[in-house]
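You will see two complexes here that share chain A, one where it goes with chain B and one where it goes with chain C.
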Partner chain A sequence: MSKNVLIIVFTEMRDKLRKWREDNHRNSEQIVDVGEELINEHASKLGDDIWIIYEQVMIAALDCSRDDLAWTCLQELKRQFPGSQRVKRLAGMRLEALEKYEDASKQYDSILQDDPTNTAARKRKISILKAQGKSAEAIRELNEYLEQFVGDQEAWHELSELYINEHDYGKAAFCLEELMMTNPHNHLYCEQYAEVKYTQGGLENLELSRKYFAQALKLNNRNMRALFGLYMSASHIAASPKVNATVKKANVKYATWATNQINRAYQVSYARCLL
Partner chain B sequence: MAPELLLDSNIRLWVVLPIVFITFLVGVIRHYVSILLQSDKKLTLEQVSDSQVLIRSRILRENGKYIPKQSFLMRKFYFNNQEDGFLKNTKRKVVPPSPMTDPSMLTDMMKGNVTNVLPMILIGGWINWTFSGFVTTKVPFPLTLRFKPMLQQGIELLSLDASWVSSASWYFLNVFGLRSMYSLILGQDNGADQSRIMQEQMSGAAMAMPADTNKAFKAEWEALELTDHQWALEGVEEELMSRELDLDGMFSKELPTGIF
Partner chain C sequence: MSIKLTTQAYCKMLLHAAKYPHCAVNGLLVAEKQKEKKKDSHSTPILCVDCIPLFHGTLALAPMLEVALTLIDTWCKENKYVIAGYYQANERTKDFRPNQFAEKVGARIAENFSEAAMIMVDSTRFTMGCYEPILAIYDHHENKWKCRDCNADCFEDWCEAQKITSALLEGRSYESLIDFDNHLDDLRNDWTNPEINKSVLHLC
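Presenting the complex of A and B:
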């Protein structure tokens, strides 16, 4: 991957980092490569940008187990912003990375004492529980968190993931519904919701899942997963003994249409391969 | 027609331009002083939570048609239920923030006054005293005689047209005229924008009033009662299958496939 990153000019490096930061990429190895060079060679030219780059590189370094780099970044930030809650949270994250969960938890508690509305610290505490494998407790804490901060979409998504891991599909569907309401044009949430409904099973859920697969396809015509999902849910309903003839006929029609589209997609990909 | 007066060009050099500079610089200084004196507004957990609940209820009303009917009804029930619906039964303690009882509002008001009104009065008075006794400029539209004592302070000529004004009026013209210059140089929402602050003071107390929470809840409750569920996905399969899928650009290397 780093072969593609042939960046030489300092401004290009800085712009790349900014783009990754704004798009929320998690390509930690690249960030560490580019960021480390930027910090070591071009620190003076960065001006005030350097602080946010320190933060970005530190988190990437924690991802890559580069504790030395993370420590240097943290020291610089602590020196510049003593007493900042944002820096305290980064210190807590470093402790988490070193698996010193007790110390990290204490760190986050101290942040929350100063500012009970600080969402970042609360979320980190929940991720400590998740890292320790205590999913039941994590779910409980996350539920409490969401009771106060109903609008936090990241948290809803995390909760839906936790529920899926616990096979509690009903509650996962609830969380995904919240996400679908706040992001009605995001085809991925529709598709995930449809998959959860499909997994729950039962005729009603299958019908719902077929509808939401269709919606995901409507929002994004190229979503292959939704296309396959549509085919599977439609054929399942058609094969079920409990449906009447009209419903069966309609679903067979849907399944055939889906098959045709899948064939077309394979032809497109085959044509591309020949190019 | 009123006789055209020819003003000494020294007036332009030594009066008109200095007043513009003074007003502008005072405005910039005011902006930075207001930044220094700014106190952080701390929101309580309850306020944050309430505002998010209101947002969620509004989203439910607007986008409820994208989720199944059962889910919509479940949420509507949660909010509006007679016995224990959230919007119906949550009463927040209401403390209207009058300036007397709330010390932080008092200091905020004082700071606002000091940074905005006081300099204006002081500098206006100083300019009036320094640049007095002569006519500064002429406003391009005719004015009635009633404006004379206001705009011609210090000039005791009964027969002078009211369009000729003194330096104090030029100063006030500048204060309001340089507003757009401030937006250009200091960016939007700057502390030197006096007229905006005066408008805020006139329109009443600050936006985030706690008393509104109860009213906001009631308003949301009513709005939610009226909302019906029109499922947007009724005919989605037919709509989808009315035409072939647009597979353009699929499998191309440039397309960002998937999420990270």
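Presenting the complex of A and C:
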């Protein structure tokens, strides 16, 4: 292969890894495939990028039970950044992947002794609780964490998921409300909130869910979940014996509108398929 | 009263679990609609011919599940199928007992199909070689779910299922598996997975 082709291949691989990093994609097998080759064949060309790539590949390797690769990456990082808290956390994650939860916990505790505000270590400790199936404790710890770090969106989202898995939809809704307040233009939070309200059930929650499905659609008119959700909630409201004729009529209108939009969306997608 | 699985059904279930190893996944199983209901048809097992992967990640929300059940029900009627079962693989590998959500969905399916089965995937025994069936099958008896032993008898052809599932896992076919979540992200994604069905047929 000519040198130019090799260079193109190398830059493509490096750019792919960057994109996956930026999108926070958990396609670990692909990251290991591309990353391992990049590290083994093209390390010299990567410059300072190599360190963040080692970190990315290490985490992906843990996901794929490739402890050999994870260990190699960890050693390189330890050598380059001795005493780094960030590398210590990676070592902790490796222990978690090996299910050595007590050792991992000790690792994170040592980070927190030096730096009590280290959010990454605290969140890893909560992940250990989750991995061990201790949902109630994980929820408690996460709530405590959020009292201190009230702006941590990732944590609010994680908490909402933990509550959903425990069928505590009211509290899940509260978490999503926090997220919607700080991210009013995020259609995904709106739509998830609507789904939680719908699941909670009852006429009031259904009407709220319909409103938020509609809001999600306003923010992103291609959100199919919001469109389907609008149809479902409006249909259920219209079918409810508790609503008066005006409300029923309005909701039938919303449901019909949603049906037409859904049909159009499918037609457009079939047309695109044929291209 | 027992169900059996075809290779295609078993394959797609495992591919779905393999595609999202860090998530809970769930889906439906469909069987061919029986033309006549004989009085002593209890001895003939129901054959689940296909599997529709539904969601990955947060499973316990109602609206999209209802949408999926409605759309798939329509598709079933067009193809003379009936929704005959529900499968779920939990997020934590070691957790393979059915939870409240699985039981609820299973019960809902049992309302329309009395011999419905609930299947839990045991990820601790999930290997590339697929040397043993890794399912726990639950039947609905008097409002309770009872676990039945899953062995080669639960399959139309276990040898074929084992061989083909293993081959597709090695070939990373799960990367192209489409579940209902993928369909909602992009309507062009086909949750009937025609390409994977072709691959299964090809290897038979």
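Operating definition for what follows: the second predicted complex is superposed on the first by the 264 of 275 C-alpha atoms of A that agree within 3 Å, B and C clash if a C-alpha of one lies under 4 Å from a C-alpha of the other, contacts with A are read in each partner's own complex, and residues count from 1 in each chain.
Assume a residue touches a chain if its C-beta (ideal position, glycine included) is under 8 Å from a C-beta of that chain, and two chains touch if they have at least 3 such contacts.
In this text the structure is predicted, and so the values were computed from the model without any measurement.
Touch criterion met: A:Lys218 reaches chain B, while chain C stays clear of it. By the document's definition of touching, of the two partners only chain B reaches A:Gln261; chain C does not. Once chain A of one complex is fitted onto chain A of the other, the partner contacts of A:Arg272 extend to both chain B and chain C. In the superposed model, A:His167 makes contact with chain C only, not with chain B. In the superposed model, A:Glu195 lies in contact with chain C only, and not with chain B.
Of the two partner chains placed by superposition, only chain B is touched by A:Pro184; chain C is not. When the two complexes are overlaid on their common chain A, residue A:Gly35 makes contact with neither chain B nor chain C. In the superposed pair of complexes, A:Gly92 makes contact with neither chain B nor chain C.
In the superposed model, more residues of chain A are touched by B than by the other of chain B and chain C.
Once the two complexes are laid over each other on the shared chain, residue contacts for A:Gly151 go to chain B alone; chain C is not touched. Chain A uses residues 26, 265, 269, 272 to touch chain B in one structure and chain C in the other. In the complex of the two chains, the chain C residues touching chain A come out as 21-22, 58, 60-64, 66-67, 92, 94-95, 100-101, 172, 184-188.
Taken together, the chain A residues at the contact with chain B in this complex read 24-27, 116-117, 148-152, 174, 177-178, 180-182, 184, 188, 208, 210-212, 214-215, 217-218, 221-222, 227, 253-254, 257, 261, 264-265, 268-269, 272. If you check the complex, the residues on chain A that touch chain C are 26, 29, 63, 131, 133, 161, 164-165, 167, 194-196, 198-199, 201, 209, 224-225, 228-229, 232-233, 265-266, 269, 272-273. Against chain A, in their complex, chain B makes its touches with residues 43-45, 48-49, 52-53, 55-56, 59-60, 63-64, 66-68, 71, 233, 236-237, 239-241, 244-247, 249-252, 259-260.
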